[in-house]
Structures are given as structure tokens and as C-alpha cells.
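Look at the two complexes coming up: chain A is in both, with chain B in one and chain C in the other.
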Partner chain A sequence: MSWLHLMILLPFIFAAAVPYIYRKFTPRIHTGWFVLVIPLVIFAFLLSFTTAISYGNTAFSTVPWIPSYNINFTTYVDGLSLIFGLLIAGIGALVILYSIFYMSKREALNNFYVYLLLFMGAMLGLVFSDNIFVLYVFWETTSVSSFLLIAYWYEREKSRYGAQKSMLITIFGGLAMLAGLIMLSMMTETYSIREMVSQAANIPSHPLFVPSMILILIGAFTKSAQFPFSIWLPDAMEAPTPISAYLHSATMVKAGIYLVARLTPVFGGQAEWFWIVSSMGMITLLYGSVNAVRQTDLKALLAYSTISQLGLIMSLLGLGSASLYTGGEESSVYMAAIFAAIFHLVNHSTFKGCLFMVVGIIDHETGTRDIRRLGGLMHLMPISFTLAVIGSFSMAGLPPFNGFLSKEMFFTAVINAAEMKEFGVNAIGNLFPIIAWIASVFTFVYSMILVFKTFRGKNKPEKLAKEVHEAPLGMLISPIVLGLFVVIIFFFPNILSKYLLSPALAAIVPTLAAAGETNVKISAWHGWNIELFMTIGVIVLGTIMYHLLKKWYRIYLLYPENLMLNHLYNIGLENMEAVSRRVTDRYMTGFIRDYLVYIFAFIIIIVGGAVWLSDGFSIHTSDDAPVNWFEAVLMIVMIVTAAAVLFAKTRLTAIVAVGGLGFLVSFFFVLFRAPDLALTQLVVETVTTVLFLLCFYHLPQLRKEFARIRFKAVNAIVSIGVGVVVTIVALSANGNRLFQSISGYYENSYELAGAKNIVNSILVDFRGIDTMLEILVLSIAGLGVYTLIKLRLAGGNRNEKAE
Partner chain B sequence: MIQTILIYSLVFLSFAIFATIYRLIKGPTAPDRVQALDALGINLLSGVAIFSVLLRSTGFFEVILLIGILSFIGTIAFARYIERGVVIERKQSD
Partner chain C sequence: METLMSILVGILFAIGIYLILTKTLLRIILGTSILGHGVNLLIITMGGLKKGGPPLLGIKDLTYADSLPQALLLTAIVINFATTALLLVLSYRAYKVLGTDDTEQMRGTENE
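So, the complex of A and B:
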């Protein structure tokens, strides 16, 4: 048990205390103030790791959980997990501070902070876990807590819809990922990610390699809202804005990025990984940025922009994985892509968190997030405006904000990728810079929409519910801090690089780090190179497109509604429901006759099939006793009587025939020398016949159909089939006696039990427990009949009363 | 000698059983069938008796008695059913 374990569990422990704190202090003190302490403590604790990590050390600690299965809560701190840990705790603290001012005390704050702390603990556990199953447990906990947070205002229908959608999609991915992780553990025979990395060279030839890669990537893509699993993210915007800022921009959606980065040393360096990750990232980047422009809701715009930026990071991770393939001199060129991915990951968390909070402020102060109703807020909300400019310009990739640096590095990476010779990248490689550039233009356009459509132009007070004024200071602190980071990282990127980014890079490409090649020169960010011209091109074309927005906006209307991913999802869900209902309605008919047909058909298929497949049909007559003529006569009489039951025209005839059949069976017992059985059979037969007569009278009027028992071909086939199968099985079983019978033992019943009647001594002495339980069965049946008759509930006797 | 006589009687009893079964199936009315069932019981009773002599066993004497009793009870039950519509009548005071 290390301190880190305690830090991961701290949010969970405190979450248990939150409801009590809420009840005790609610009207006086906002619960958030108490919660705020937790991420601050964790953040301070994690900061203490930075120096050690920057020297290339790692920390490792194990707490046994299920030791017999090798599932232990193992924490592992390296550069990558530390970056994520700091982001989670740091932005978590800022989000909680923001939520203190955003969430009114009238809300159910206890729920809010319990869910939020659960999420924070799960996320911390996810990034620090070394054991894949513990990682999966935390992974699903983030899904569940995110579900709870999205549906925080559960009385709204859209919240519930969004929560359900995100739950379905992320859990689907999580389960796929679990299968992939199990395959991975089968290949490497370990559950520890560190040990998997050390065995990475051996597994690509394994047949499970590609399936496990694809399944794990499905998990990562669903969580990180990659195309086409991105549809849940815009609907998750129904959550309170602090949640959107925290979960759906900075932390949870990066869990997939984390997983891809974490497993890059295992899978990276393979062509499949390179192509899947980078092309999916590129598609997501383009899809997100193009769709963001058409949004009219600020949060939806930010959601699509998050999708697009996540695609950017993902594609960089894919492109950078080539460095593991090449190695040596060349690899440092591709490795820069991974560095850019981590760098942009940090940058994105800062500026997107800031933007979400600003949008939350606008929503809070004006009562709407609709771009069409907003405008001219610049003079009313100057601080928010400044923050929005910082965030948006950084998102668009303009200097002097940190987004500029990472976007330049992105361009470098795609240009390098275009010239790549590995993995069959030839002419297709040229698509990388082209898509990246087009997506950047769209990013520029929507960033400008975000700032200028909301803050410039004419103020429209008649469309707003409230009188607009600047937000309270407390609400502004968090976005200001994030905004400051955006600027500070631009001017001093190397401090961040030295302490956090380089160790993280070393964690993703450990083999190269061992060769000492992970010192990326972030200082080389200026100079007249092709990347800079690409950025200038983005700005020029983006500005033109923004001004001509009204002219080309209608292009979006051309795209048919029916092909929208959301529409496909809804249709898919409806159809799945309809189809499964139809299937269920089809076979669950409510008629017992149909169910019996299924059961008997399965008996025929399975028993008959088993006999058929295993060549079990074999009849040996050598052991059989000779057949007497009166046995044969009795047999014929019984067959005739049984047929009479089947073809009886009235129910009374059937009952009489069944009674006759019972008498004949008892005669069989006599023939085969079983007097006790014959006695019992006679009595039971008579009682049963009398009972049949009793029931006969109580049958309801409607069902007294004195018609022939309906002859159905299916019934005939099924019944003949069952008869044939059972006969075959009985004959085969009789012909294949494997062991001697144990009946010889019971012949000593007089010496052993003092009884001359063997049957009775077996019943009450040798196998007395069976008899006891049969007596119990009879008593239960008797009691059951008694209760059924005596305890008639209201309406239970309707048929007879009607007579 | 006695063996042969017994077997012949069994053969004739079989014919009788066939005949009752025919009446049981064919019998135009329910009383015909009940009569057939009763006769079947008696035939079986005699069959069991002959059979136990053949087997030289006293183990089936209870069966003979029981068939007699039960075939009587069964016939009464059917008769009551056909006559009154119920097998066990409730008391009028209920």
C-alpha cells in the first residue's frame, strides 16, 4: 500500500462522506468547498513525483486484490500516467471551483459531487493501473459515473437520452476492449502492462494479435469519440457545463487516447496499428471540424471541436507509431509526432476546459447558448470575451497561444508522414497533409464563429431572458487560470517539455528512450518553413471562408438528414427493438402446444442427433428374453387401447380407454412378476380415473369441445419422431450394457435388513430417503390441492359461477 | 394336463379381452363402454388367477382381490357420473 493507492482511493472514500457533509452544511456552505480539497491534495501529491520522473525514474507499488488470479491493484507511475494524473487532478480542482459558483445551492449537490468524485477516482485509477483488469474496472467506472453525470438533470428527456446513448456506446466499446485485453493477456501470459511491453517483440506473429488490437482499439475509439462512435459526445452536452468541461473535454474522452498511447509500445510498429489509428484519427479530425461549423448551439460546437481535436491527437499517435518500426536515425522524425500528440493533449485540455467554462458563463448570464440569439456581448462581458479569444485562437492554432505550437508540430508530423516509405505509404500519404490542412481551415472557421458570433455584432436584449452582465469573480477564476496556462505554455514550452512531456514520450517509446533519443527540441518552433506557410494559408483562407459563411453555409443543407450518424443510430436502435419484439412475438405465442412442439422437437434433434452422430444405434438381441405369446397378445391389446385414446371422439371415451390401459399395464406387472407394482398401479389407476371424472365435470363450458382431437400434421410428425427416438435410445441402451447390474446385492435383503420382500426393503431400508421425499411430494401435492380449492381469490371461479 | 387346460383358458380369456376392448372402443354409448371396462377388469382378474397357478405363486392373490374391489369402485364412479353428473355429491346443507 503506497501513498498513491491512498490518493486513488481518496475520492471514493470522500464520496461516501459527501452526503453527510451536504446534509449538515447545505444552506450555509456550498458542498463544493469541502470537495475542492481532494483534487488539490492529489495534485500537490502528484507534483512531488515530477522531478523523479523527469530523471527517468518510475514508481511501482502493488496491493494484492485477488492474488490467486494474479489480479492485483498495481500502480505504476511514469511520464505518461503522471501527465494524465496531473490533468485529472488539476482540471478537477478548477472544475470543482467553477462548479461552486455555477451550481446553485438548490440543486442536488450531494449527487453531483458524489458522481464527480467517483469519476475522478476512477479516472485516476485508470491512468495509474498497471494491471489490465484493474484498468478495465476503472474504465467501466468512468463510463458509469459519466452516465450518472450526463443524466444529472434526470427530469429532462434529452438528458436521459444522451446518458443512455453514451452508456450504450461506451459500454459496448468497454466490453470489446475487455475481450481484446483478455486476448492480449493470453498472448503474453501476464496481466501487467509493463511486462507486456517487455514481451512486445514476440507477439506480432501470434494469431490473436490483430483481433486483440482491433477490439482494444474499438474500446479506445468509443471512449475517445472517434468516428463513427463520436455521436454520443454531442448528446452528452446535456450534462451541467462543469461536467462537460471536465469529462467531455479534458479527461474521460482522453481515456481512449491514454489507452492507445499506453499500448503503443505493444502494438505500435505494426502496419495495421499505424493505418487504423492514424486514418481513423484523420477521418475524425475532418468529420468533427466540418460538422462543428454547422452547429448553432455553443456546447454542440465545442463537442464537435473536441471530437475533431481528439482525432488530431489520435492520428498523431498513429503516425508516430512508425518510429517504433524504423528505429535509429529516422525514428526521431516520426517520434516527434508522438511528442506533438502529448503536447496537444495538454494544450487541448487547457484551452477546451477554458472555452467550456466561458460558454457555461455565457449560458449562466444570458440564459441561452444559441449562437443565433447571442451577439454583442464584448462590452458587457469583457473578461469572458478575453478568455474566449485566448481559448479560440489557441484552438485555431494562432500565436501567441499554445495551440500554435502543437499545430505546427502536427503539420510537421503529417508532412513527414507523407514522405514515409514504410507500411506502403505512397501516394496515399499525400492525403495526410491535405486532410490536416482542410480540417485546420474548418477549425479556424468555427473558432472564429465561437468568438465573433457571440461577442461581436449587435446586442439582442429582446431575445434574452436576463439582463446581461459579467459573471461573478469566483466563476471566472478557473477559466482565467486555464487561459493563463494557454499563454504561459506558449512562451515557456520547454519547462513543460522537460518535466512532463519528455518523460511521457519516453513511456510511449521505451525502446527509443533507452537509446537516449527522446530529447525533443521544442525550441525549434520558429523559422520560415513549410509549416508556417501552411498556417498562414489556414488563416487567409479561414478568414475568407468566415466572411463568406452565409454564401456556402447552405452546402450543409445538401447533406441528407437520413444519412446522419445520429439518425442511423436512432433507426438502428428502433429496428433492433422492433426486430427483437417481432422475433419474440413470433415464437412466444402463449400457446403451451407450441412450446411443447419446441421442446419435443429439440429432444428429437439433440437426442436423435447425438445418437446419429456418435453411431450409437446398435441392437443386440443376444441377451433378450424369449417373448411369450400372451405377452404379445397383451401388447396388441394395449396398442389398440392406446390408439383408441388418440382417436376417441368424446372425452368420456378417452377416460374409459385410459382406465382400461391402466388395468392392462397392471396385468403386465403381473406377467413380469411384480405384485407390489401391480397392486399400486391398480389403485392409482382407479383413483386417477375417478379424478379425471371429477375434473371432467369442472371443465368450463366453452372448452367442452366434443370434436375429434384436432389432428395436426406437425403433432403427428413430432410425436412419431419422439416415439422413434426414445425407442431407438431404449433399444440401443439395452443392447449396450456396460456393467453388471447391482441387483445381486439386494437379494441378501433377509440377512441385511430382515425383510423377505425385496421391493419393500429397498423402499424403506436400502433407499429410504427416496421414499421419504416421495411422501413429501405427495404431502405437497395434497396441500397444494387443498389450497387451490380453499383459497380461491376473487374472480378465480368465474367460469363456474357463470354456469 | 392341468398346464394345458390353464393355457387354453388363457387363450379364451384373451379372446374375451379382445371382445371387451372392441366394445370399449366401439360401444355406441358411454354405459356400453363402462360395462366393457368392468368386464375387462373381471377378465383380468381371472387372468391373474390363472397366471398365479401357472407360476405356482401366492404373491398375486392380493391383486385378485384388489381388482375385484377397484373394478367395482370404478364402475360405481362411472355409473354415478353418468346418472347424476358428479361423482361425489355435496350435502344439501352446504
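So, the complex of A and C:
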């Protein structure tokens, strides 16, 4: 048990205390103030690791959980997990501070902070876990807590819809990921990710390699909202804005990125990994940025922008994985892509968190997030405007903000990728820079829309519900801090690089780190090179496009509504439900005869099939007892009697025929030397017949069954089939006796039990328990009969009067 | 004898199951009864037939008929009787309450 374990469990422990605090201090003190302590403590604690980590050390400790299965809660701190941990704790603290001012005390704050703390703990556990099963547990906990947070205002239908959608998609991915991780553990024979990494060289030839890769990637893509799983993210914007800022920009959607980065040393360097990750990332990047432009709701715009930025990071991880394949001089060129991915991940968390908070402020102060109703807020909300400019310009990749640096690195990476020789990248490689550039143009356009459509232009007070003014200072603190980070990172990127980014890079490409090639210098000015011209091109074209927005906006309306991913998802869901309902309605008819037909048909198929397949059918009549003529006559009479029940016109005939059958059976018992059986059978048959006669007086007349021919034919086929199968099985069993009977032992009954009647001594001495329970059966049946006759519940006697 | 009995049992099974698959309650119960007889005869047949005297030690026979299937059957007959009785009364009550003895009309409402 290390301090780190305690830190991961701290949010969970505190979450249990939140309801008490809420009950005690509301409404005097906002619950958030108490919760704020937790992420601050965790953040301070994690900061203490940074120097050690930057020297290349790692920390590692284990708490046994299920030792017999080798499932232990093992924490592992290296550069990668530390970056994530700091982001989670740091932005978590800022988000909680923001939420103190954003959420009014009238809300159900206890729920809010409990879910939030659950999420924070789960996220910390996810990034520091070394054991795949523990990682999976935390992974699903983030899914569940995210579901709870999205549906925080559960009385709104859209919240519930969005929560359900995110739940379905992320849990689907989570389960796929679990299967992939288990396959991976089968290949490497370990549950520890570190040991998997150390064995990475041995597994690419394994048959499970590609399936496990694809399943794990499905998990990562669903969580990180990659195309086509991205549809849940815009609907998750129904959550309160602090949640959108925290979960859907900075932390949870990065979990998939974390997984891909963490497993890059295992899968990277393979062509499949390179192509899947980078092409999916590129598609997502383009899809998100193009779709963001058409949104009219600010949060939806930010959601699509998050999708596109996540695609950017994902594609960089894919392109960078080539460095593990090549090695040597070239690899450091591709490695820069990985570095860019980590760098942009940090940058994205800062500016996107800031932007979400700004949008939350706008929503809070104006009562709407609709771009068409907003405008001219610049003079009313100068600080928010400044923050929005910082965030958006960073998102668009303009200096002097950190987004510029990572965007330049991104361009460098795609240009290098275009010239790649490996993995069959030839002419296709040229698509990378082209897609990246087009997506950047769109990114620029929507970033400008975000700033200028809301803060410039005419003020439209008639469309707003509230008197607009600047937000309270408390609400502004968090976005200001993040905005400061955006600027500071631009001016001093190398501090961040030295302490955090380089160790993280070393964690993702450990083989290269061993060669000491992972010290990357960031420079804001790198001469007049092609990347800079690309950026200038983005700015020029983006400005032109923004000004001509009205002219080309109609292009979006050309795209058919029916091919929207959302529409496909809804249709798919409806169809799945409809199809399963139809299927169920087809075979679950509610008519007992149909179910009996299934059961008997299966008996025929399975038992008959087993006899058929094992060639079990064989008759040996050598052992048979001889047949007397009167026995043959009895058999014929019996068949006739039984058949008479089938064709009986009246109840009486049928009942008497069944009674006759019973007496015939007792005759057979006489023939087969079973006096006790004959006696019992006679008595029971008599009583049963009496019962039948008692009841039949109250039952209706037997009508002729007016059933369709098909109905009767199916019944006949099934019943004859069962009869034949039983006969075959009986004959085969009879002809193949494997062992002697054990009944010879019971002939000692006089010595052992003092009884001369062997059957009776078996019933009460040798196998007495059967008899005891049989008596119980009889008593229960008697009680049942009594209850059925005596008990009259309400509404149970509608037809009683008819008699 | 065993072969003929096996065929007889098969016929009894077929008739019983045909009755169980019909729609009338009374026929279904009669079907279970016939099925019960079929099962009983099958058990005793599988024990081997007429391989000696009745299993009573007082009678000086060299061999006795197999006593174990007989003991099993005695149990089975009684249990069969109990279930048949319960089923009969149940159907009687069902008819009283639901006003029909047609299993197809005894279906509940939709979405139960």
C-alpha cells in the first residue's frame, strides 16, 4: 500500500462522506468547497513525482486484490501516467472551483459531487493501473459515472437520451476492449502492462494479435469519440457545463488516447496499427472539424471540435508508431509525431477546458447558447471575451498560443508521413498533409465563429431573457488560470517538455528512450519552412471562408438527413428493438401447445439425432421373454383402448377408456410378476377415474376439435416422432445391457431387513428416503387440491354463478 | 416380449403426446395419464420381463423378477396420481374462473 493507492482511493472515500457534508452545511456553505480540497491534495502529491520522473525513474507498488488469480491493484507511475494524473487532478480542481459558482445551491449538489468524485477516482485509477483487469474496472467506472453525470438533470428527456447513448456506445467499446485485453494477456501470459511491453517483440506472429488489436482499438475509439463512434459526444452536452468541460474535453475522452499511447509499445511498429489508428484519426479530424462549422449551439460546436482534436491526437499517435518499426536515424523523425500528440493533448485540455467554461459563463449570464441569438457581448463581458479569444486562437493554431506550437508539429508530422517508405505508404501518404490542412482550415473557421459570432456584431437584448453582465469573479478564476497556461506554455514550452513531455515520450517509445533519443526541443520560431507557409495558408483561406460563410453555408443542407450518423444510430436502435420484438412475437405465441411442440421437437432432434449419429440403433431379441397369445391379445386391446381416447365423442367415453387402460396396465403388472404394483395400480386407477368423473361434471362437454388440418398434422408428426424415438431408444437400450442388475443384493432382504417382500423392503428399508418424499408429494398435492377448492380470491368467481 | 412392449410403449407415448398437444384441458390431462402409463410400462420393461417368480422370498423360486424397477414404479405411480389429481382440480378451477377449457383462449393479455 503506497501513498499513491491512497490518493486514487481518496475520491471514492470522500464521495461517501459528501452526502453528510451536504446535509450538514447546505445552504450555508456550498458543498463544492469541501470537495475542492481533494483534487488539490492529489495534484500537490503528484507534483512531487515530477523531478524523479524527469530523471527517468518510475514508481511502482502493489496491493493484492485477488492474488490467486494474479489480479492485483498495481500502480505504475511514469511520464505518461503522470501527465494524465496531473491533468485529471489539476483540471478537476479548476472545474470544481468553477462549479461552486456555476451550480446553484438549489441543485442536488450531493449527487453532483458524488458522481464527480467517483469519476475522478476512476480516472486516476485508470491511468495509474498496471493490471489490465483493474484498468478495466476503472474504465467501466468512468463510463458509469459519466452516464450519471450526463443525466444529471434527469427530468429532461434529452439528458436521458444522451446518457443512454453514451452508455451504450462506451460500454460496448469497453466490453470489446476487455476481450482484446484478455487476448493480449493470453499471448503474453501476464496481466501486467509493463510486462506486456517487455514481451512485445514475441507476439506479432501470434494468431490472436490482430483480433486483440482491433478489439482494444474499438474500446479506445468509442471512449475517445473517434469516427463513427463519435455520435455520443454531442449528445453528452446535455450535462452541466462543468461536466462537459471536465469529462468531455479534458479527461474521459482522453482515456482512449491514453490506452492507445500506453499500448503503442506493444502494437506499434505494425502496419495494421499504423493504418487503423492514423486513418481513423484523420477521418475523425476531418469529420469533426467540418461538422463543427454547421452547429448553432456553442456546446455542440465545442463537442465537434473536441472530436476533431481527438482525431488529430489519435492520428499523430498512429503516425508516430512508425518510429518503433524503423529505428535508427529515421525513427526520431517519426517520434516527433508522438511528442506532438502528447503536447497537443496537454494543450487541448487547457484551451478546451477554458472554452467550455467560457461558454458556460455565456449560458449562465444570457440564458442561451444559441449562436443566432447571441452577439455583441464584447463590451458587456470583456474578460470572457479575452478568454474566448485566447482559447479559440489557440484552437485554431495561431501564435502566441500553445495551439500554434502543437499545430506546427502536427504539420511537420504529416509532411514526414507523406514521405514515408514503410507500410506501403506511397501515393496515399500525400493525403495526410492534404486532409490535415483542410481540417485546419475548417478548425480556423469554427474558432472564428465561436469568437466573433458571439462577442462581435449587434447586441440582441430582445432575444435574451436576462440583463447581460460580466460573470462573478469566482466563476472566472478557473478559465483565467487555464488561459494563462495557454499563453505560458507558448512562451516556455521547454520547461513542460523537460519535466513532463519527454518522460511521457520515453514511456510510449521505450526502445528509443533507451537509446537516448527522446529529448525534444520545442522552438516557436523555426525559420521559413513549409509548415509555416501551411499555417499562413490556413489563416488566409480560413479568413476568406469565414467572411463568405453565408455564401457557402448551404452546402451543408445538401447532405441528406438520412445518412447522418445519428439518424443511422436511431434507426439501428429502433430496428433492433423492432426485429427482436417481431422475432419474440413469432415464437412466443402464448399458446402452450406451441411451446410443447418446440420441446417435443427438440426431444426428437436431440435424442433421435444422438442415436443416429452414434449408430446406436441395434436390436437383439435373443434375450427376450416368450410371448403368450393372451399377452398379445392384451396388447392389442390396450392399443385399441388408448386409440379410443383419441376418437372419443364424449367425456365419458374418454374417461372410461383411460380407466380401462389403467386396469390393463395392472393386468400387465400381474403378468410381469409384480403383485404390489398390480394392487397399487388398481387402487390408484380407481381413485383417479372417480376424480375424473367428479371433475367432468363441472367441465364442459368435449367438443369436436375444430382445428385446421395443419395444426393436427403437426401434432400427429410430433407425437408419432416422439413415439418412434422412444421405441428406438427402448429397443437399443434393451439390446445392449452393459452390466448385471444389482437386484441380486436385495434378495438378502430377509437377512438384512427381516422382510420377505423384497419390493416393500426396498421401499421402506433400503431406499426409505424416496418413500418419505413421495409421501410429502402426496401431502402437498392434497393441500394444493384443498386450497384450490377452498380459496376464493377477489375476482376469481366470475363464472361460478353459471353453475 | 420386450420388443413388443417397447413398440407398445412407443404407441402409448405417441397417443399421450397427441392428446397433450390438443386444446382441450380434459384431453390434455387424459394425455398425461396415458403418457404416465407408457412411462411405467417402459420402466418395468427395461428391467427385463418374466425372468423368474414374483419378488417374495417365501415362494421357493430359483430366480426372482427384478425388484428394483418395481420399487421405482410404486413410487412413480403414487406421484403420478398426486400430480394428476392436482392438475384435474387446477383445470376445474381454471375453467370456473376463466370460463373456458380451451388453452388457446386462456392466453393472457398482450405484453404480460
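The rule we apply is simple: the second predicted complex is superposed on the first by the 787 of 803 C-alpha atoms of A that agree within 3 Å, B and C clash if a C-alpha of one lies under 4 Å from a C-alpha of the other, contacts with A are read in each partner's own complex, and residues count from 1 in each chain.
Just so we're on the same page, a residue touches a chain if its C-beta (ideal position, glycine included) is under 8 Å from a C-beta of that chain, and two chains touch if they have at least 3 such contacts.
From a predicted model like this one, the values you see are computed outputs, not experimental measurements.
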Does chain B (first) or chain C (second) touch A:Pro675, or do both, or does neither? both
Touched partner set for A:Phe667, first chain B, second chain C, both or neither: first
Contact-wise, after the overlay, does A:Phe630 reach chain B, chain C, both or neither (first, second, both, neither)? first
Chain A positions touched by chain B in one structure and by chain C in the second: 671, 673, 675, 696
Using the touch definition up top, name the residues of chain A that touch chain C in the complex. 590-593, 596-597, 600, 619, 621, 623-627, 631-632, 635, 638-639, 642-643, 645-646, 651, 654-655, 658, 661-662, 665, 668-669, 671-677, 680-681, 684, 687-688, 691-692, 695-696, 698-700, 702-703, 705, 707, 714-716, 718-720, 722-724, 726-727, 730-731, 733-734, 741-743, 746-747, 749-750, 756-759, 762-763, 767, 770-771, 774, 777-778, 780-782, 784-785, 788-789, 796-800, 802
In their shared complex, at which residues does chain B touch chain A? 10, 14, 17-18, 21, 24-25, 30, 33-34, 36-37, 40-41, 44, 47-48, 51-52, 55, 57, 59-60, 62-63, 66-67, 70-71, 73-74, 77-78, 81, 85-88
For chain A, which residues are in contact with chain B within the complex? 630, 633, 637, 640-641, 644, 650, 652-653, 656-657, 659-660, 663-664, 666-667, 670-671, 673, 675, 678-679, 682-683, 685-686, 689-690, 693-694, 696-697
Quick check on the complex: what are the chain C residues that touch chain A? 1-27, 29-30, 33-34, 37-38, 40-42, 44-58, 64-68, 70-71, 73-75, 77-86, 88-93, 95-99, 101, 103-104, 106-108, 112
